[in-house]
Structure formats: C-alpha cells, structure tokens
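Shared between the two complexes below is chain A, which has chain B as its partner in the first and chain C in the second.
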Partner chain A sequence: MSAEQIASPTQIERPSGSAGSGASIAQRLLASPEGYLFAFIVLVWMFLAAKSTVFLTERNIGVLLSQVALIAVTGFGMTLLLIAREVDLSVGSMQAFVGVVAMQALNEWHYLVVGIVVAILLGVIVGTINAGLTLKLGITSFIVTLAMMQILRGAAYTSTNAAVQNEHKLSSFKRVFNGAAVEDPVRIPWPVVIMAIFFVIFSLVLAKTTFGRSLYALGSNPEAAALSGIHVWRLKTICFVVTSVMAGLSAFMLIARMNSGQNNAGFGFELQVIGAVLLGGASLAGGKGTILGTFLATLLLGSLNNGITLMGYNPNWQWAVTGIIILVAVFLDSIRRRYTQES
Partner chain B sequence: MTKTSLWRGWAARFALALVALLALGQIAVAQDATPSPDGATAAQMEGDALVRGLDPTAPPDGWTIPGKVGHVTNYLVHEWYQNLTKGEQARADEWGIDFSINDANLDLNKSLAAVDDYLAQNVDVLNFTPVNEEASGPKITEAATTGLPIICESSPTDGCTTLVSIDDYAAGYKVGVWAGDYVNENLDGKAVILDVGLPALSTTVNRSQGFVDGITSVLGENATVAQSVDGNGLKDVAVQVSADALTAHPDVNVIFGINDDSALGGMQSYEAAGLDMENLLVVGFGCEGNACKDALMEGGPYKVSAAMFPEYQGRLLIDAGVAAFNSTELAPHTIAPSTPMTADNLAEYYTKEGDTYTPNFEAIAAISIEGEK
Partner chain C sequence: MEAVTQNNDARSPLLEMRGIHKEFPGVIALDSVDFALLPGEVHALIGENGAGKSTMIKIISGLYHADRGEMLVDGEVVAFRGPGDAIARRIKVVYQELDLVPGLSVAENVFLGAYPKKGAGRVDWGALHRNTAQLLDELGLAIDPETPVGELRVAEQQLVEIARALSQHAQIVVMDEPTSALSTDEVNRLFTFIRRLQERGVGIIYVTHKLDEIYRIADRVTVVRDGKHVVTTEVAGTSPHDLVTWMVGRELKDLFPKSVVARGPVLLKATDVSGSGIDHFDLTVHAGEIVGLFGLLGAGINTVGRVLFGASERASGSVELDGQQIKPNSPSDAMAKGMGLLTENRKSDGLVLPMSVRDNMTLASLSQFANLSWLNSRKETKAASTFVDRLSVRTPSLRQRVQLLSGGNQQKVLMARWLMRDPKMLILAEPTRGIDVGSKAEIYRLMDEMAQRGLGLVFMSTEIPEILGIADRILVMREGRIVAEFDRGEATQAKLVEAAAVALETGVAA
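For the complex of A and B:
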C-alpha cells in the first residue's frame, strides 16, 4: 500500500457528495473550509469597508497583507507540522531570539545575506533539536517546544540587555519589509511577494508531491503510514525544521520592520499562528489542513485586527475577537460538515 | 418556577452586576489617585530635602547603614529596570550595602512571594515595584506593620513608606509644551497627533494626558488627537497598531509614545508608510536606553523625550531607604526629576564614551521639580 492509496488531500479534506454538478455556487463555496472562510472574509471586508473609508484603499491593503505575511509565512510551516500531528510552541520566542542574533550578525558583517543565513541556520538548529527530542526521546512536541520556547526567550534576554539597534544601515535591509517589489500598477510590498512565493511552493508540495500525500497519510494514521513504508521519523523531522526555518525568516522580516532586534518581540505570536492554522481547517489530531486555508484564516484574523484599529476601538479587543471568531468559525464549520455529510 | 420569581431572579442578578460595575469603577478611580505633596508635613519636607542631599562618604551623625536591601522588580528584562537597578547597585556599593534583586517578570503571585522571601531573609529595607498596585496593597501594608521601611517605585501602593517616581502628568505636560513650541516654529502651528499609549496603567495614561494638555496649552484648537492606540509598551505591537492607525490618518505629523519603544515603533511605521519624515515630530518618554539617545542625536524626527533618568532614580531609592531606616520621616511621594531631553541638552545630562552614556548626577539633581506632585 502506498502513501497515495492510504490518503490524499482530496479524500481527507472534502467529504464526497457535498457539491454535485447541480449544486449552486454558494453551496459549492460553502462545501469546503476554504470556501467557507472566503465567504466569511467577504462579509468581514464588506462590513469594514462600510465602516471605514480607508479599509479598501491600496495603502491599507498593503499594510494589512504585510502584517499578515509575518504570521502566514510561519503558519505555512506550522500547517505541515499540524498535519503530521505535531505542534511547535517555540515560534514566538524564535521572533525574539533569531531577531537579536540576526541583527547582531548584520551589525558585525554588514551583508544582508549573512543575516538571512543566520536566521535560516538558527531555524535549522532549533527545528532539529525539537525533532530530535520529540522523536528520539518520545516526549510530546507540546512539552519539548514549550521548553524550547522558554529556553529561546531566556537566551534572547541574556544575549542582550536591550534591543539590538540597527547599526549596519544597509539600505537593502529596510526593503525586506518596507520596500515595494512592484510599484505599478499597484504597490506590492516585499513581504507580500515573499508570502506569495511560499504560498505557491507549500501548496504545490502538499498537493502535488509524494511528500505531501505521505504527510496526510502519516497524520491520518501513523501506524498504517509506517507499515506502508513511509519514513515517519524523516517526514516529521522535515516538518519541525521547516517550521523553525519559516519562523526564522518571519523573525528576519520582523526585525526589518522594527529596524531593531527586540528581545521582547513575539509574545503570543505562537498562539496567533496556531490559531490561524486551526481556523484554516487543520486539526491537532493531524491529517487535515491546507495552505490556502491557513492563508485565508490569517487574512481573516488580520483583517479583524486591522479593522479594530481603523475604527478606533480598544485594540485589546483584538485578543477577544480573535478567540470568538475561532470559536464561531469552528462551530459553524462543524455544522457545515454535518450538513454536507447528511446531504 | 413562576414568571414572577424568574423576574425576581433576573432583577437580583442585574442588581449584583450593577454593584460589581460600580465597585470596579471605584477601583479604577482609586488607581488614578496620585499622592499629593499638599499633605506632606514640614518634617516630611525636611526628610525629602535630606534624602536629596545624602552623601555616603559623610552620613549624618548617629546613622546606621542598613546591611541588606532587596528590590522586588516587576520586569527586569526591560532596559528601564536594568538601568534603574544598576543605579541602585552602584549607590548601594557606595554605602556598603548588600543589595539584591528578585524579579517577578510581570507575575503578581511571584511578586508577592518575593516580598515574603525578603521578609524571611530579614532585609533592612525593601524596595518594591508592583506588578499590580491595587492587588499588592494588602501584602505591602502587612509587611509594613513589621516596621520595615518599604520604598516603592513607579506606582503608588498602599503601605509604602514613600514612592520614588516622576510626576508622570507633569513630565508629559512639559514635553507637550516643548512639542507645541516646535510645531509652531517648524510645522506651521498645526499638530495632528497619534498617541501610542498604554491605557492599562494609570501612570502611562497620565503621561498621554499630560502631553495632550501640554501641547494644547500652546496650540489650542490647532492640536488634535487623531487617534490613541494601545502599543502595549512593546515595539512590535506599537509598529503594528501605528501602521493601521496611520492608514486611517495619514495627516498625522506628531507621534507621542509612552515609552521609547512606543515612540520608535510609531516612527518606524510612519517611515514604512512612505510618509514625509521631514514633516514629522516624534516625542518619546523615558529615554532610558541608547536607542532613544542615539535617535535624538541622529537629527531625525525623534526630537525630544521626557527623560526619566533611571540611574538617578536608583540612587534615590537607595538613599530614601537609608533615610527611612534611620527613622527619617519621608513625604508620601519622593519626586524624581524629569525634563524634555533633546540633542541640544543631552550632553548636559549624559556623557558619551564609546557606546556608553554615563549620567551626570549633579546636573540631573539640579532639575527643578517645583509644582510637581
């Protein structure tokens, strides 16, 4: 039995019979978690556009997508990890630790590529340690990465007494977050381009490769996957490393945005990422989730946060509203699933 | 159950909720209370003057130097507390005091447990920064009944012998007046303000309010607050909320931050939005670290910050403890100096050697605190 025979994204994610050829567009849309999220986003955007005249402006959409990029880029990696039935709580502390170390490296060597390589290398190291402890010692990834979260935060605090300021003044560095990759006909900031590139890569890997299909199979039924010859250990290690590397790259974009490496950055970031991935259709029980779902969920939560500030509400509502939206979306999604299964 | 009894049940719940809301309102009002010097006695004023003039090499006759002083801090990873405790340690060394720190890292339970730890260690003076001023009151009041001098920092807490802190409102007001004059001279006399605040703390609310009142005292109706956002005092959050607010209000030309990170975060968002940095004034608060001082010296839009001199406040904390240990009566609020610091007067208060800024204590001590409370 091959990985393809055990499961495919199509088999796992989309219950059959939900949207036949005669189904309306609305029914088809609501038949998948992604369509459902898309409809939700349209409603939220319509509401925000009615409430704020600047919401749909080019500038605000650019700001919104740039902010979403930080969470989405890490979220793409986290999606793989959750599909494989693992989780990484250390991605928030990575924002602080990688941030201060990468900024120190940039100050020392004055090459943008050095900072990026440092961020990636730290991601590889942290991801490998997370994988090793989880898979070799048999400790759950929740505990391993919780400990790693504390270790990295402590390392960030001890490696610098304060924020690491930008002393290198590289013009290319500022463009990582603040520059535009395209100016005409619309301004597209670099973080949006970076997010789009990773979106395409991760979507293709999950949907079109043996690795992707094996991952769904592994998450759906690890025992069966192992019996079918899937290298569980190897797949999970890759997922841990990829997640940490993506968190490292996200940290690099964050320091470019702040123009400094802050040792207190990224508090609660891991919850935003995991919340978005779960809202996007993934499950802590593994075997489910798509990159499109993660992106749409991130966009939905980002839109709400953006809208709350634009409308002048207390930004602390962002926390509560995010939680409420996740609960409501999951609840409505369960109703949708029941409906589609019955029909 | 009848309809009547159901209604009675709901009415009782509603009444309870109303009482709870009123009680919460009272707590909120109480949190805004700032000690007034009006209540200080002549003896307390004398004690205050004595604290400011103490010299470890020549203590007053008959004084005993405390052996151990402990400080329960609330957030030691912040640069403010690192520089504050550095000042405390240096002053304690001058007195020959054994000084230690126990950090709560924003955990109230840990903070209160640290007080118990220090009581068990028989410290002679306890310095205390509350994680939550209201919730810490009973513990500090209880500790004070043992006769232990408790010198509080940052926020007023019941039971403290004295509070060492700046007058946040006055510091905000002074820097607001400075900003008003700058706007008159350089920005056509009109200020559209983005306030990157922290509404959860009474001290930071006072900073924002003081700033707005100060700038309004100069510009009148030409000063308007476009939006107040909560940056949580963290740069990454400040950058995010400022970016959102600036899309709604691209006409903002004055950014006020309740600390260095908030001000710098707002400035970063402004630059990222592609707005004209020549038409921007950034006003910070604290200036405890190199980031603010370097930004002031760079000559960009970050022109002024309400300097709070953490190293000097550290000295005041230790000196107030030494005085209280020797039964000197202290005012409820030992006011620490603050002043608008700019590129022009930074060298007066700090001497730069390499990457290090060393405070000039004499110049800081000479800053007037007249009229502050």
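For the complex of A and C:
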C-alpha cells in the first residue's frame, strides 16, 4: 500500500475543557445537581415571597429551617449510607421508638443530657444490629432495615398507648426545638445550629478525609476498594451506626418540638429522608451524593411544604407535591447528565 | 445465495460512512472518517485504544449520532435514532460484554423478542426449540437449546450471541474483539462460522487487537488512529510491521525491551499453597526477577495472584515475603508487607471509573497523604503528577475521570496506584489484556524498569509471545497446578503449548 494513503500523524486538538472560561455562570451552576437544586430553590423562594408576605419573615424562615433540620440531620447520615450502596428504612420508626424511650428516660432522671445519651445509645445499638445482620448474614440492607422498621414501630406501640408526656415539664427541654441559640442580629433556633454543625462536619469528612474518599470508592466499586486495602465492612458499619445515631438525634429534636414522645411519630419519615437524599444527587447504586446536595434537596422540599401551608392549601398536598418534585428533579437531572456526558 | 463476484469494485457496499465526524466534550473522537463494507467480506478494523474504533461501532449500531457526515446502508442514507433502527436495517453488533439474559434458555435468547407464535399470543415452544437447534447445528454447536445461558461458558455464550445474529438475518455483523475470551479450539470454530456467514454474503466488521487473526480471517483492513482514517487496504500484501506502524504512527522498534538484571535474594516464597482451585502450589520469586505464569483459560493462573494476595481463599500453605509471613485472606496484610496486585479485570475490580486519575492513583496509599486521616490534597496532586510523568500516562489533566482514558492509560494508572506504595513485589495478571500494541510496549518497558529497580514481578498471561519476550522464568499451569518450568531461552512456543495442553491422563503424574 502506498504511503500517500496514510494520513499525517498530527495530533488532534483537544479544546481544554468544554465548560471552561466561555461558559456563563448559569451554565456552570447547572453543571452540577447542587447547582440545579439551588436554582430551583431560588425560583420557589421568589415565587413564595411574591405570593405571601409572611414567607420571608424571620419567624417563618426560622420555623422552615427548624423543620428542615429534622429531616436533614438524618439525611446527612443517610447520605453516607447511600454512598456506601446501603440503605436504612428504619429511621422513621426510630423517631417513634427513640422518642418514646428517651421521653421515659427524661421523666425518670430529669436531665436533658440523659435523654440525649439515650437517643445516641439507641442509635448505636440499632445501627450495629442493622450492620451486623446486613454484613455478617449477607441479607440486603433493604430487607434488614425493613424488618427493623416494623420491629421498632411495634416496640413503640407496645410501650405506650399513644404518647409519653413530658411529665416534669422540663423547661430546658422545650428549648431544644423552640429556643434560639442566637438572638442577635437574627434569631437562629437550636435545630438550625445543630444542623449547621453537622453540615460542616459531614461535608468535611466526605470531602477531606481518607474515610470520605474510601467511602466513595467503596460505593462505586466495592471490589476495587477491597483490593486497595479498604476495610469495606468497617466503613459500612460506621455508616449504619452514624445513620441510626443521626436518626436518634432527629427523634430527640422531634420530641422536644412535640413536648412528648409519640408512638406514631415519623410515619413516612424514612421515605422523606431517602427521597431528599436521592434528590440531592445520591444514587441507590452507590458512589454518589454530597451533603450539600442533601441539604439543598431537603430545603427545597421543606420550602414547598411551607409554601403550601402559607398559601392556605390543603396541607395533605405536601405528600403528592414531594413525589412530583422528586420525579421532575430526577428527570431534569437525567437530561443534564446526558448533556454533560456524565455516566 | 448470491455469487460473490471477483471484481470488488463492482459490488456496491452494504454499509458506507462518508466524512463521519463525532466530538465529545474535549475530544474529537472521529474526524471525517470514511469507511465501506462490501458484501461477503471480512473487514478488519484496527487501531490503538482511543483511536475511534468503538465510536465507529457505536455510530453503526445506532448508539451514537454522528455530528457531521452521512452513513448509507444498501445505498440509502440512514439516520439511526437508536439501536432499534440499526437492527431494523439488519445490523448486528456482537459486543465484548454480551447482552444475553442469563436466566433464559439458549433458545429464548436466540429468538428474544421474535418468538414463533401460535394463536392468541402463545409462544410456540416446539418451533422455538426446533429453529434454535437447527441454527446451533449450522454453527456446529452441541448445546441443548433449553440450557439457561448463564450456565454456558463465555465462549459458548459468544457463539449463542452470533446465532442470534443469524436468527435476525443480519446482513452486517460487527464483532468487537470476539476472541478475547476464547480458547484456540473455539477460535477455530468461530472462524469456520465467520466463513459461513461470508458465503451468505454477510459483511463482517471485525475489530481486534490480535494481528495474526487479521491474516487468518480478514479480506481487507482499515486502520484508524487519533480519530482519523489512516488506510484501507487488502490484507494480502501487508506485513504485520506495516499494520503496527500505521496504528502507532511511528516505527515500533523494540516490543520487548528486556534488560539483563542480576537475580537478587529470594523475595517471595510460597510453599504448598492450596485453595480456590489452586492445588499445592510452590513459587519462589527473587528480587529483580520477572516470573511468567502461563496457562490456557481456566488453568487458574489469575487465581494464583488472588490467592497469594489474599483476595481469594487460601486454605493451606504459607506465603512469605521478604522473610515475613503473610496472613491468608487479608489483602491489607499483603499490602502492608509490600505486595501489590493488578487484577486481570481493570474495570470490574481495579478502577473506580467515576473517580479522577489522581484519586484512582492514590487510592491504595491514602494514609501516606493524610494527617490523622485528613487528606493533604496538594501532596496527592504532587505524587500523582510525578507518576503521570514517570509512566507517561496520557491524560488531559489529573482531574480527568479515569473512565475516559484509553485502556493502556488506565492500566498505567493502576500501576501507579501500586508503585506509589513502593512495594517489594507486584503481581500483574494479564496486564496487557485489551490494550493496543503501542501501550503494550510501554507496559513491558515499565515492567522491565521495575525489575531493574529490584522489584520481584509475577506476571500472568495467556499470550505466548509476551511471556517469552518478558519473563526470566516461565511456569506453566494446568488445572490449578504447576506442570512445567522453563528458564528464559529454554522456552519455546511449542514447549509451552504442549505443557499447558497435554491431556489429563498423561498430566496427572506431575
């Protein structure tokens, strides 16, 4: 064959990064799931601010964020778990179970710290059992925690007929949910502060530590992670325990808000949490998800629910709206990913 | 059946690509490529990884759309909106990753989506099994149509996939490295079968990295490089050297750069190791030595690596590295004592595909870059960029997702992962599998360099030329045990094949 048929071996030019300097701020914003959610939230807030004079008041935003905190705090734990390719369906029943038990403990010993310790301890125990059954027996976490969800709900029902009241009117207690950590210049309620602290801790752990890096690797490719010396079961156990502990803390904030531990608390909570985490960019296939994404998704859903109430619609619409938003967001994200050639 | 005319030019192409252009963010995958497939020809498509072969296939199969240029099937311009459109034009692609349904039977798979029906939508099972049996018979395949596909060997599955192409009366068949998992026998059977397809006037696009196959089966060959069409020519009249030069774009002088390294002290001593199908295995590796493990598919050469490293079960026997016992079944202990394992499946158990080049490189040595588990990302970047230079990994940046790199560069990333730990010995299971010639040469060069630095290497391969070219000592395995040992220079292709394939009756004496 003759040489002239051979193309010259010139290198193909590779434009340096298609989303580079030429891209507008908007394009860059929409290049990530977090950016998408942020844009979504801005739209919703603009709409609600225009429609309701109450929405942007300090008080309403405080209430909104406090409610968001309940879901987000558990959601942060769940984000780790979903990155590790596992899931925990028992966090909803934890709200009832921990609530009932912690309130009984409070009534017995009258110290706020006792209640918190009980909530954390129960989280550690439940999380360890979830991890043990999943990892040692090789049952999928979906099934293990589904069973755990029923068991804990049953335990909550058996221990009390309806609710355990705050008998001793522990005044420090109500402040956990309703009190303000900061009054000046703006009032910041305790749950928001708690959420913010965990937000920072979890974000840093995921982004900056060997644990976080190993977790993403383990979620994307467990085999490769194990062969690189990552202790898969140890990491997963930590994720299970952390998720349950965070659920316990959410439960504690919830009983503070209700001022009682109720056996029917947290119905559907697990799906709100998991829905938010998925909306925030995580995947049931593991390896993906960020704390910022989870927070923004929780904030978006919380804002919509707040808006529905403010505008006087039937609050039961909240359920359907949450579902629709998740579908819409996932749909938009799939388009975004196709556009950016992300797998 | 149509007669195949002598004059090539008189045949109108089954498939034609004209000026096909395809870009991905940051990469021009195809730069106005022309291609034509004639009826009844086997047309080899070769090029290094990342040259654009797979993009071409994906455009032909309807998975991708070309940005510019046109594609013609039977002389008509087509615009596929998806794989369904390609199938409707009787194009069948047999991928390396098979798309069979493991739980369904052979017959159900072959006719998937087109079952013969009796009235009222009921499947005519009798006809289904009869038709399948007939097809399998034509292929010379002795498989029961009712066997679940999951129970077949990979090679058989591949042939089932091809039977499916037949059942769909494909006119154009694309085969993407069909022999990468086949034994010599099975390759022969596949080739006989390809000839039969040819006789029916089917056009076959045959993608491969194995040059010898081109000479055995292909009529014409097209070489692509860096997204550009380099040459299309009759296979007769080209030399393998021409092909390599076209693919690589330069003269490739020395495929196996083998230096003489003085054999150091004993590094690895495995004694009487059994488990996971490995049977009373002994192995000694010296510092600076490359030990090649050769065996046919199923001989267990790759399992040896997993067992030594602790990734597969070691039931008995001891493994000692540099005087220290390695605990069984604990990769982290093996790592701590200085061992590294590059597995034979880059994608499934090596790379974390969505992660960056840098993060993949540092994954096995994170603690080196961390202070109380807090990662120092500047240190990571510095180390990664050192290794990118040292191994000449071609990547636009350290932040590039490793998924987007070519196979050869992915393999280098994994080598960097282990070299970062500064190991005493490395086990490399088929490190050049699915990699183009140019990258292969670089991998061999790196192995040689490692040996010069005093590392001990164990190197598994099913390809004889590279084993002969790079190993100091060659062990041949069959059925989980070592059956022969040769020193470099003493081994020949014939001796290795004979040792690896001798029938069981004479082999058990070992």
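The rule is short, and it goes like this: the second predicted complex is superposed on the first by the 323 of 343 C-alpha atoms of A that agree within 3 Å, B and C clash if a C-alpha of one lies under 4 Å from a C-alpha of the other, contacts with A are read in each partner's own complex, and residues count from 1 in each chain.
As a convention for this text, contacts are C-beta pairs under 8 Å (C-beta built on N, C-alpha and C of every residue); 3 or more make two chains touch, one makes a residue touch a chain.
Note that this is a predicted model, so its numbers are computed, not measured.
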First, second, both or neither for A:F199, with chain B first and chain C second: neither
Touched partner set for A:A265, first chain B, second chain C, both or neither: first
Which superposed partner A:G312 touches (first chain B, second chain C, both, neither): first
First (chain B), second (chain C), both or neither touched by A:V54: first
Chain B versus chain C as contact partner of A:A163, first or second or both or neither: first
Residues on chain A engaged by chain B in the complex (per definition of touch): 52, 54, 57, 59-60, 63, 66-67, 95, 157, 161-163, 165, 177-178, 254, 257-260, 262-267, 305-306, 309-310, 312, 314-316
In the complex, chain B residues that touch chain A: 77-79, 82, 199-200, 227, 229-230, 234-236, 239-241, 243-245, 247-248, 250, 261, 264-265, 268, 271-273, 289-291, 294
Complex contact set, residues of chain C against chain A: 24-28, 31, 225-233, 237-238, 242, 246, 249-250, 309, 311, 331-332, 335, 341, 343, 348-355, 359, 363-364, 366-367, 370, 373-375, 377, 396, 403, 417
Touching residues on chain A, where the partner in the complex is chain C: 1, 5-7, 9-19, 208-211, 213-214, 216-217, 220-221, 223-231, 287-288, 340-341, 343
